[in-house]
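As structure tokens, here come the structures.
Same chain, two partners: chain A is paired with chain B first, then with chain C.
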Partner chain A sequence: MDPLTWTGSVGIVLNPIFFVVVGLFAVMLVIQFVLSFTAPPPSITVNPDGSAMSSGGTIDLVGRINSYLFLGLLGILATYMFSGIFTPYGTGGIIGEIGVRLLPVWIALIITFALSMAFKRKLGLYGKLFDSVVGMIGFAIVMFWVFVAIFVAFDLVITHDPLSQVSGMKNKVPGTPLRGAEDGEYAHYLLGGDNLARDVFSRVMQGSQIVLIIAPAATLFAFMVGIVLGLPAGFYGGMFDTVLSFIANLVLAFPVILLFFLLVTPEIRAAGIDFGFYMWRVPTILASILFIFPLIFLVLLWNSRYFTQPSKNMLFIGLTVVIGGYLYLALAWDADPFGLISIDQNVLIVFVAVVFVNSPTVFRIVRGLVLDIKTRDYVAAGQTRGEGAWYIMLWEILPNARGPLIVDFCLRIGYTTILLGTLGFFGLGLESESPDWGTTINAGRRLLGIYPHPAIAPALSLMTLVLGLNLLADGLREESLKD
Partner chain B sequence: MADTDTYDGPILEIDKLSISFFTRLREIPAVMDFSCTVRPGEAMGLVGESGCGKSTVALGVMQDLGVNGRIVGGSIKFKGRDLSQMSQEELRDIRGSEIAMIYQEPMASLNPAMRIGKQLMEVPMIHFGTSEKEAYERALEVVTDVKLPDPKRILNSFPHQLSGGQQQRIVIAMALMSKPSLLILDEPTTALDVTVEAAVVELVKDLGKKYGTSMLFISHNLGLVLETCDRICVMYSGETVETGRISDVFDKMQHPYTQALFRSIPLPGADKNSRPLVAIPGNFPLPHERPNGCNFGPRCDYFEAGRCDQGVIPMADVARGDRHETRCLRYAEIDWGAPIDVGKQTEKPEPGDVVLKMDNLKKYYEVAASALFGGANKKVVKANETLSFEARESETLAIVGESGCGKSTFAKVLMGLETATDGKILLHNSEIQDVPIESRDTKTIANVQMVFQNPFDTLNPSMTVGRQIIRALEIFGVGETENDRENRMLELLDLVKLPREFAGRMPRQLSGGQKQRVGIARAFAGDAKIVVADEPVSALDVSVQAAVTDLLMEIQRKNKTTLLFISHDLSIVRYLSDRVMVMYLGHVVELGSTDQVFQPPYHPYTEALLSAVPIADTSIEKEHIVLEGDIPSAMNPPSGCPFQTRCRWKDQVPGGLCEKEVPAVRHMADGHQVKCHLSDDIFAKMTPVIKIAAE
Partner chain C sequence: MGLFILRRVGVMLLTAFCLTFVVFFMTNLYPNLEKLAKTEGNFRMSDEAVTSYLTKNGYLEPLPVKYGQWLGVLPGFVHTDEDGKTSGQCYEQAQVVGGGTVDAERDVARFCGVLQGNWGFSTVFKESVNTILSKRLSLTGKLALAAFGVMIPLALLIGILAGMREGSRTDRSLSTFAITTSATPEYVSGVIFIAVLASGAGWKIFKGSATSAMDDATFANFTLPVMTIALYGVGYIARMTRASMAEVMTAQYIRTARLKGVSFGNIVMKHALRNALIAPFTVIMLQFPYLLTGVVITETLFNYKGFGWTLVQAASNNDIDLLLGCSVVAVFVVLVTQLISDIGYVFLNPRIRIS
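Presenting the complex of A and B:
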């Protein structure tokens, strides 16, 4: 097998065109930038038939050319990506072959977008997202990684086992063929091999799974904590609020990295409260406190709403306590009575730490929103009909605070992703062979000068995901403010 | 500017103006074919319901329609020059110096971080390059002109140190700094209390005369327009439907909408039993759902199929009258003098037993005097001071007063959201003043319910209408099964005359009036015996107000409910209440039957309040009583009589008693009580404030 070039056979034709377009685009951008200072603003004229016309002269023209160039650029990139699907294996280049591996992801994305666009007027805020270009781009990037993570679980996308090493592939550049590949084995390391001769492409793809599970889950837990504490703090105010706000500020004032270092040092992890028969260690202490909040949240949620219908109430609360309690025992205390679920202590400590540093910010956001919404008449109406405080907080106030909370949720997943990456990079938390992006970047760091590809691939992935989440948040914020 | 100084044609000529907003869904034609002319020194009133395009016209004149608004037809000429032909610079110049605009919310026009004086002086300094000293003199002059006390001190203060009424005066002063030829006022007094509103309106009128300024006065209140303007322009759904001199339009109206509007507002003479208001059926059409032909067609009594629903209906000149025009095809055929088709008359229900009794109720709040270091320095705010009254079954008791008089506190104590400081509340003979809502039993809670003021705030925006009513039923323990409650919910929708499909709708899909109906349905979910209605219609459009008021009273008759109707609008109070309680700074200053309160002898505050309420009837003559100053803050009430700082009768009481002692409650006639030191013979000499002029 021959090594793969980046762009394969289509590249022979397309590459020159590509560089010309890139050059033109760059020049035109500069022109547009300069013109925006000098040219007169576009004038708008109204025609007698009632329509309005905007004419802007040169600046308008330049703007239009630029958008065509940009579209052209995107077209060429897409051609690189998708040409591999139609050409035989080995001729599509690295980009083309990656495009082929990602085929299920493309299909899933197209279906998602087609369905969402078709029904966007019926889908509330989610549907409105498709009116904002920024939001759509963000959503596409995020969904790309979500689908990658899903399909990796079905053994699709990835080409090799992310953990197994293949002799002779150590630090090989992207597109290197596998020496003595057997039948049925994928014949190339698409993005090369790392210093332990593992396939970088497969590791990056697999790594998305870890990021996309831990980051949203940790953010969700942080939200549970922030909501359960922030609602009453804002609603009641007074001492409770003062004390909690003070603690929140304290946590926020503490340097995050230092906190993490403390949490993962073996001494601190081994420390705890000794009950004689049981050693309550720091990770478990934290986990047992933080993980109880989702349970409290759900029980309060059901009870406040259904206390007038005892049978329904019992059912919901019963289910929550049984299922939630089981998970709680298994995850926080590592004491699954059936021995089915257990969480790696390294992952647990990272998880707990991330939840811990995120919840004070969520707390403050929720508290602020409650202070605003609690003055509304529908809250007063709830009170005058004798609703309990938790009903008002969870069912009258919280749903109406959802806009800003959803936006913050997206941003916070991005922030958590970076945090996880940073932790991995410092070698804190996950095991060193874990394919998550932070750890991989760290592993690739040492040889960065000579073999940059093992670090660049996960770094780009991390960047795109966070960018996608931020764009998504921007789009959501913009759209939720309209109308 | 020399050419405009000598100009003597109309100040503002708007010709066939059409304005649209472009949203991502559609074009919204907000204003269509709007024409009007304002001559020098003339005041033009622009009235119409919310969303009919009044503000859009004003913004069009200011050439300030935002990013998505466009003038799509017609022209606006200011002093003979087409505004759309002007350059940005010229426009900016005209906007600051020749056309001034005053908005509803005074703080929107003031810079909170700059002293008043500086803000005022900036105007002539920027536009005319006046020297600082001259600008200061001018500022002092206008502040004196807008009748603010101690002008020097005011010039030196920041906006937040002034009350709402004073802020609005400053905004007016600012507009006058450059001696504009056109003043646009967009609901300038909606955010103010009635007595303050009356003073500001008086001011605007006087200043208009003094400076010879033309005015475009936007309001939804016909009474206000009657008091301030020479001509009026009635708008409906983006179009002018009738325009002319005030006297022509008010007394010889030529458009069915104008007529319907006048029939739906409570003018003196209307009575809930013998002459009920006539609500305009249906709803205001949304800009993109306007019918063919006449926009008012679907709601018009004189609608003629085949004629009114076809083509474009032009403005027609009414022969009699001065520039009186109407947009109705049938105006010449309609018999405008025909007597009102009196709606269904009802028997006045006899009030039953006493259901609610307040006895010397007091509610004091303790507040920290300084926000930062609360601690020792506590101040007491007396929100309710010795409130005593009784309310009977099927009775409507109106509670009247301006902001800060303690209406809402009283409602909170009654509902159990706060407990009383002293005194008693007896509900069916059980004392509830010390029982907070958490400890009240379901029956008590369901019995006392509330309808809120702001329709846009009264329903939870993220829950369907049906769900919200069902929730109230659940809480009140109505119905055994979910099916029962579902049915009951549908019945409640029937009760408030909403279609049953509305159960599945979200609140944002409902109009203001419809939301208010849902609020009423929710309040009656547990068959409430006492309903506190806190300004339930004040935020609604006039044409919808009548329908909602009607509905409330119909349910009241059916359920024998006691209605506590909180309002500052004396017209509607006179129309629907049996007894009236007037409050001022936590005190009940007058209490009596509606007739007793609306006729002399009055408490001096009641008298001023009556005079302040604008009435849209040209045959009414009102005595003008303008109260000086603002309502004192409840944190710092005056000594003696609470009203003494603004009372015009004070010097009739010998020995400065008013400043020393809080007057005792005086029983005048059967059930009529007044809290005032005035002697009986002075009370006997009082004359009615509102007189119907002899025809």
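Presenting the complex of A and C:
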């Protein structure tokens, strides 16, 4: 097998065109930037029928040319990506073959977008997202990684086992063929090999799974903590609020990096309160406190609404306590009575640390929103009707605070992803062979000057995911402000 | 105003007290102490030997007492062994004071904690923590100053240009840039910078290591670390400035100025800017804690042996005194910048200041 070039056979024709378009685009961008300060504003002429017409002038022309160049650029990139699907293996180049491996992801993305666009008027805020270009781009990037993570679980996207080493592939550049690849084995390392001769492409794709499970889950838990504590703090005020706000400020004033170095160490996992018959270790202590909040939230949610219908109330609360309690025992205490679910203690402490760092900020946001919303008339009306305090908080104030909370949720997943990367970068928590992006960057940075590819691939992946989440949050903010 | 500042300072001191106590508690957990004893003694130490080492050095005192001694509000720890030889926390300092002699009677009641300027002794660098910190902090000061010097003007410029005509093409392209940089943490931008600008695979314009910049910062070895730190902050500050600027530009008094016929440049520079910069000031001040994380990552990546690098070394080598020293500095940097941001906001904003 020959080594793959980046762009394969289509590149022979397209590469010169590509570079010309990139060069032109760059020049035009500079011209546009300069023109935006110097060019006269567009002149407006009034037609005889009373309508006004703006003649865009040079700046508009340049802008339009730029849009076409940008579209052309996207078109060429798409050709690189998708040409491999129609040509035999080995001629599509690295980009083309990656496009082939990602085929299930592309199909899933197209289906998602087609369905969402078709029914967007019936889908509430989610549907409105498809009115904003920024939001759509962000959503596409995020869903790309979500689908990658899903399909990796079905063994679809990855080409090699992310942990297995292949002799002779150490630090090889992208597109290197395997020596003596057997039948049925993928013949190339698409993005090269790392310093332990593992496939960078497969590791990056597998890594998305770890990030996309931990980051949203940790953010969700942080939101549960922030909501359960922030609602009463804002609603009642008083001592409760003062004490909680002080604690929240305390955690916020703690430099994040220091907290990680103190909390995510092997020693802390050994420390704890010794009861003689049971060693209550620090990760378990923190997890048992933080993981109880979703349960409290759900029980309060059901009870405040259905306490007048005891049978329904008992059903919901019973289900919550049984299922939630089971998960709580399994995840926080590592004491699953059936031995089905357990969480690695390394992952647990990383998870807990990230939840702990995020909760106070969510608390402050929720508290601020409640302080604002509780002065509204509908809250006073609810109180006059004799509704319970928790009913007002959970079923009246919280739904009305959803806009800013959803936006912050997206941003916070991105921030959590960055935090996870930071932990991985310092080799804290997760095992050193774990394919998550932070750990991979950490492993790759030692040889960065000579073999940059093992670190670049996870770095760009992390960046695109966070960028997607930020854009998604921007689009959601824009759309939620419209109503 | 005076009362407000006084209250804020009070809260800040209380917070500092709580935070240093938490850090002290976490660094003095038994497994940490055990590891310390084993690295200082030997790794095959028996449990009794560990206990005796820890007792001798005062690590097994009750936590509040130990904290008081470390802080310097309780007399330093003194240990007398079977031979009647005394040793203790303050003795090293007492030797200096007493000209080489230690007088047990006189020195027993000495206070020598952080408040007296005795920050302890680093087990890794074999130096006093005071010396290490002052040296490393000045190095980091250089780096952070350069990063701020790049970050703030750039961020304000982008924010103002984007916010003065909300929704224009300039706004959209600058906002895209800002969002992209705020999605690029230091360990991503640093890796990309090194790979593209300082490796054999890309252009070799700069150096991928900043070790030589500690003594002699040049364009080649100092640019990449500074840019790495600056870039992540730029996006956030620029977006805040943009939002604040866009809000001011829709205000009534700007419309009035425009109707009076004031030129656009004058409106931006003389009317809008002063009000638009109040919010970014707070944000810039609150950027210091994030800068701290950035400094730690960047110094590790570029091997620049400043404060952040020292923090990593202290934490990974279980150097308790040094880690405590670093933590005190870090906590104070965060708290003081918060204080300045709070007071500055009130001071700058006439709507709050006058009332």
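Quick notes on this one:
The rule is simple: the second predicted complex is superposed on the first by the 469 of 483 C-alpha atoms of A that agree within 3 Å, B and C clash if a C-alpha of one lies under 4 Å from a C-alpha of the other, contacts with A are read in each partner's own complex, and residues count from 1 in each chain.
We adopt the following convention: a residue touches a chain if its C-beta (ideal position, glycine included) is under 8 Å from a C-beta of that chain, and two chains touch if they have at least 3 such contacts.
Computed from a predicted model, the values in this text were never measured in an experiment.
When the two complexes are overlaid on their common chain A, residue A:256 makes contact with chain C while staying clear of chain B. Within the superposed three-chain model, A:452 lies in touch with chain C and out of touch with chain B [touch as defined at top].
In the superposition on chain A, contact is made by A:387 with chain B only, not with chain C. Shared-chain residue A:131: touches chain B; no touch with chain C.
Of the two partner chains placed around the shared chain by superposition, neither chain B nor chain C is touched by A:239. Contacts of A:402 after superposition: chain B is touched, whereas chain C is not reached. In the superposition on chain A, A:378 makes contact with chain B only, while chain C stays out of contact range. Looking at the shared chain after the overlay, A:270 reaches chain C, while chain B stays out of its contact range. Of the two partners, chain B and chain C, it is C that touches more residues of chain A.
Applying the stated contact rule after C-alpha superposition, one finds that A:308 touches chain B and leaves chain C untouched. Judged by the document's definition of touching, no chain A residue lies at the interface with chain B and also at the interface with chain C. Looking at the complex, you find that chain C touches chain A at residues 15, 18-19, 22-23, 26-27, 29-32, 35, 168-170, 173, 179-180, 182-185, 187-188, 191-192, 194-195, 198-202, 208, 289, 292-293, 296-297, 300-301, 311-312, 315-316, 318, 323, 326-327, 330-331, 333-335, 338. The part of chain B that touches chain A in the complex is made up of residues 18, 20, 23-24, 70-73, 84, 415-417, 437-438, 440, 442, 445-446, 449-450, 452-454, 457-463, 472, 474-477, 482, 519, 522, 526.
Only residues 29, 32-33, 36, 63, 246, 249-250, 253-258, 261-263, 265, 267-268, 270-271, 414, 418, 421-422, 425-426, 438, 441, 444-445, 448-453, 455-456, 459-460, 462-463, 466-467, 469-471, 474 of chain A touch chain C when the two sit together in their complex.
Looking at the complex, you find that chain A touches chain B at residues 44, 46, 48, 50-52, 131, 308-309, 376-378, 380-381, 383-387, 395-396, 399-400, 402, 483.
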